[in-house]
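Just below sit the structures, each encoded as structure tokens.
Across the two complexes that follow, subunit A remains constant while its partner is subunit B and subsequently subunit C.
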Partner chain A sequence: MRWLFSCMLLALLGAVQALSSSGQRLLVILEDEAEREKYSVLLEDLSSRGFHTTVQSPKADKLSLFKHGARAYDHVILLPAKSKGLGPALTANQFLDFMNNEGNVIVALSSDHATPSSVQSLLLELDIHVPSDKGALVVDHFNYDSTSAADKHDVLLLPFPKAIRPDVKNYFAGEGLIAVPRAVGQTLGNESPLILPVLRAPSTAYSYNPKDEADVVEDPFATGEQLNIVSSLQAHNSARLTVVGSAELLQNKWFAEKATINGQAVKTANRDFVQKVTAWTFKETGVLKIGKLLHYNNERVSKKLNTSVAIPEHNPKIYRIKEDVAFQIEVSEYEIDHLAPFLPVENDALQLEFSMLSPFHRLNLTPLSQTANATIFGVSFRTPDQHGIFNFRINFRRPFLTNLDEKRQVTVRHFAHDEWPRSWQISGAWVWIGGIWVTVVAWVGFVALWLYSAPTTNSVKKTQ
Partner chain B sequence: MAPKSRVPEKSSVSTSSAPKAKKAGSADAQQIVQDVWSKYVNKTPQRVKLLDSFMVFLIVVGVLQFVYCLIVGNFPFNAFLSGFSATVGQFVLTASLRIQTNPENKAEFESISHERAFADFVFGSLILHFFCINFIN
Partner chain C sequence: MRFFRSLVPSLLVSSAAIVSAASSWSFEDAAVTVSSKGAGVGAGAKDKLSATSPLSKSVSLGATDTLKLQLTAVDGKKATRPHQAFLTLTDPATGVEESFLLNVKESGKGSLNLAHKDLPHQFLTSSKPLPASIVIGSFGSSTAYKAKVFDLNVARDPDAPLAVPEKPLRYAAEKEIHHIFRDDPRSPPKFITLIFTAAVAAALPGLFIVWATLGANANHLSKALGNAPISHAIFFGSILALEGIFFLYYTTWNLFQTLPAATVVGLVAFISGSRALSEVQERRLAGLR
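On to the complex of A and B.
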């Protein structure tokens, strides 16, 4: 009954928010109203995808990420501003609080403007490092656009990123070349498992500051694939932050610009890439949802799958040790505007842990069937020979996918007194059964003889 | 005088023929066993003999079960415990019945009649059998 209700609630929620899985209120922080024109295509694209966009200057009086202690917006795009400070409403702490409340942030940097100090400390907090000097940008003498940057080589033309690992789904794949004009490269710290590169600079790129007078770049900020043009962070609560190194990448000018690379004329595919980056950051893609979760005793019932008729009791609170248990879970993935069945990448698997402090079982869940918007995963196993309080736990953390961590607590009891096999069913016990019955029969015989021999004893006594 | 005469006698026996003495000793032992046995057969009341033979039977059954456990293993351990303790418990109960009904102990158990002792024995045995059968499951 409970899952039915939650399913209905889910369907209702789905009907209400036709688009992003985590809300539509979008705040764009833009200092100069005149610059709004430059981003008009991006803003139109976003509102056509269902976002309610508010454009605010960081100096606006009423600007606040929170209202009455709750998030006032679901997503924020922070575009570069001329002023070095962003004001009291946009401190690093405010952004972190915003993310702690599951808000998503896109930070766009620009080499024309110094990175605001609050953004710098925010990124430092997240272990993403940007060059501290104003004007540092990424240059590549091999992958530049010779139409617009024939001399300076600071407009890079890069292919769409590949999957960062073979077992990770790529949410940023596409056709064509992305123009990256005058980007601020970032390097990612090694400590945090939460940060991920989205678009890396090619191996021939390096970061340098054109204001340096020196002919030779000494001690560059970073080189090659260490430099990230676009990097991202997904917090433990699945809030997402994306750092776009080049704000110009988001501008209309580069969305479908003619460019030349190594003598070949190409058209930039920035619009497609920006659509993918914003869709991922604002949780239109890569969002997992758990639907119906079911576990039941698999003994003494017909083993039909997912038919509630055949199963006597859903999600019982108590199991016995060494008992066959079946577990099923529905997982769906949000794709732009609907929930679709989720399937892990080929070399990956969703796993179920049956754990008390530490897992006693960690089992791969196999996809059993699919509904219109969910995959049903299932596994059957035997409870371990250990009684106590156990958890069915799904803990699924993968790059670019929201974290799944779902627990169901059950008690596992020991055998009841009448659940052990009877003694005669164990052939090893037959000798001792025989021992008992021989003793009993001999005792009965002895009692009979004793009673029978009573007068004889008297006569013996008399004779004595 | 007697001690004087006795000492040389002893020494002569020990020095002259040790094997003879041994033979005599074994003969003595046999004699003793036979005496004990005949005395037991003749002078023990029949009920006590019945008790004794039942106790010997219980010892044999218990030893067999224990040996089986040593050889084969104690797998259903509760079965071994109940089987073995059935014989041990029955032995203890029988022994107490023997103590209480033996005519030689009459002075000590004047207040307990044989009928009363026997009833206690039956009651205790029934409880023991119930526990053992329940425990072996």
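On to the complex of A and C.
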């Protein structure tokens, strides 16, 4: 028995080690084995967080993102390669298939190498645009590291990004400055809500190609905050892709390098930033999970959500129109290695829709209480005065958070014949009820009269 | 590497300056002119710009106007061509930024023409003046220059249609919807209902009074009960019972309780009624009716 117990304990430990919420098989695509040393700290950090790393060259024979039709890896880091083509195993379609199967991808670009054509068409497909010419990089004459790039101003020192909107949680906040050496800037299409900037260039930055003859910038790829150093995409299936404009940002050299900005000596905080970017992309942060969902008729007694998984959801299938209904739902957020109670940021709200084709109710859910790893949200409302097939629907889509779309179908019936108010309760009906009773009594009186009335004398006279 | 080749001589030239003191970029002889269409060259208001303090009044750009910005970029005191010379407009409401490149010549003289067609729609619809900054910077050790130089007031012709693209979808909390219920059915005021109910109820005594004045009576009751006591009592009782069944159907009973009871009572009424009505016929034949 003891060995069995220790085996189980080991298995449990293994489960604790597996940190990402979507698997730990990580493929790092690196062309030059000699370059591996440059990324050793990043790779060590990842394996200490529970990822099983495989480093492969894009030219390796057996390299494939799929095995037997299923994903062979959960996450991919694509580091820049010298060759323009990445081979048949890493085409844009392969990457898109990989993401359609909920795989996560980090693409690192470098201005030293041309962006591989498969990566270019992948990013184009996603409406992320990178300069097409090799060597284009982002410079800023204001926020550069004067230790390493005193003349060329191509090593930017940027603060950690702020939240992109006041109602969006910032998963990339931190202290210090991030060194961004020789970055390839990206611009994002405006149409899609799925692509998001992670780290923007400062407003005075611009992208240019040092190989251009002109000694003045002409027709830059993009300027200012429209340039992104790190940008991301979260697909409808919550697969994530992050484009890191500067592969050097991920290298050991810049993880804690001494730098100077405007005469001030600083230490770069790339390690922290890279940890946050990889944690978000590989779904260690910003992952939501729905627990128990409860709805019930609130007319008589109110129930409390029983969070035990042992008890299945036991929700009514049918409600009546104009009935008081209460709704409760548990939502958790994955934080690095555990589920924690989820709370939306201040200006944001989790919303419940009670809908038939279109929502009849859309209500903000308020947090009622918390369990060890979930927040219980709830709201009470009255079913609309329209019968039909309705849905309780939680459709929670927010930047940087995985999509939640959960619905429970219920029937809303109209009043049964014996649920209406009785006629004597309706004051307008009293006249008619009175009429009926007058008729009843008059009829009984008429019958009695017809049966028992004796002829009167004057009527006898008349007949005579 | 061409860049290096072009950079090296300039580095050599400026290295002395770097060692002594880092110079800084700025501009001189700057002016902004707004000329309207049709007006001759040189017409329109011309405002001199200073590198150290922004223009006190805002510059207004009408729909048909062209803004012309001219300046000479200087590195320290020397007029030089910088790598970067931008005019950056910012919309304070939306945070949209757009940089416009100055066309700078070898001598450091730069110019820029700006009209409504160059501006993104956020700038055209902005209600507040847009702060305009000049950014001058280049490689090397000279400190780059960025400062607000004037406020640009975009005056739009309110009648001219503006193609503002539809706002793209962004995931955020949507507006709450509360279902608006139909009104409950309403009754007329109780006062009026009671008046009409009283009028209806008064019809019953009215009817009885009319019958009484016409000589209605129950004088034959004893005769009828004497001739056929059982059938008369049961017949009249069954008529009352039928009304009682209707009352119970109205209040509590359902149809399946009502129908059997009504059948039984109806049968009783039929049998006893034929006897009772025979008795009434006898009375009529006897000339008593």
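Odds and ends about this structure:
The rule is simple: the second predicted complex is superposed on the first by the 420 of 464 C-alpha atoms of A that agree within 3 Å, B and C clash if a C-alpha of one lies under 4 Å from a C-alpha of the other, contacts with A are read in each partner's own complex, and residues count from 1 in each chain.
In the analysis below, a residue touches a chain if its C-beta (ideal position, glycine included) is under 8 Å from a C-beta of that chain, and two chains touch if they have at least 3 such contacts.
Predicted, not measured: the structure shown is a model, and the values here were computed from it.
Of the two partner chains placed by the overlay, subunit B and subunit C both lie in contact with A:I426. When the shared chain is aligned, subunit C comes close enough to touch A:F142, but subunit B does not. In the superposition on chain A, contact is made by A:V447 with both subunit B and subunit C. Greater residue coverage of subunit A by touch, when subunit B is weighed against subunit C, goes to C. In the superposition on chain A, A:S48 makes contact with neither subunit B nor subunit C. In the superposed model, A:G435 makes contact with both subunit B and subunit C. Common to the subunit B and subunit C interfaces on subunit A are residues 426, 428-429, 431, 434-435, 438, 440, 442, 447, 449, 453-454, 456. Of all residues in subunit B, those touching subunit A in their complex are 43, 45-47, 50, 54, 57-58, 61-62, 64-65, 68, 72-73, 75-76, 79-80, 82-84, 86-87, 90, 94, 103, 118, 122, 125, 129, 132-133, 136-137. Across the interface of their complex, subunit C is touched by residues 139, 141-142, 146, 150-153, 165, 167, 190-193, 203-204, 206, 208, 210-213, 215-220, 223-226, 322, 347-349, 351, 353-354, 359-364, 382, 384-385, 397-399, 426-431, 434-435, 438, 440-442, 444-445, 447-449, 451-456, 458-459 of subunit A. Every residue of subunit C that touches subunit A in the complex is listed here, in rising order: 1-3, 6-7, 11, 81-86, 88, 90, 97-99, 101, 104, 135, 137-141, 144, 146, 168-179, 181-182, 187-188, 190, 193-194, 196-197, 200-201, 203-204, 207-208, 211, 215-221, 224, 232, 236, 239-240, 243, 246, 276, 280, 288-289. Considering their complex, residues 420, 422-423, 426, 428-429, 431-436, 438-440, 442-443, 446-447, 449-450, 453-454, 456-457, 460-461, 464 of subunit A touch subunit B.
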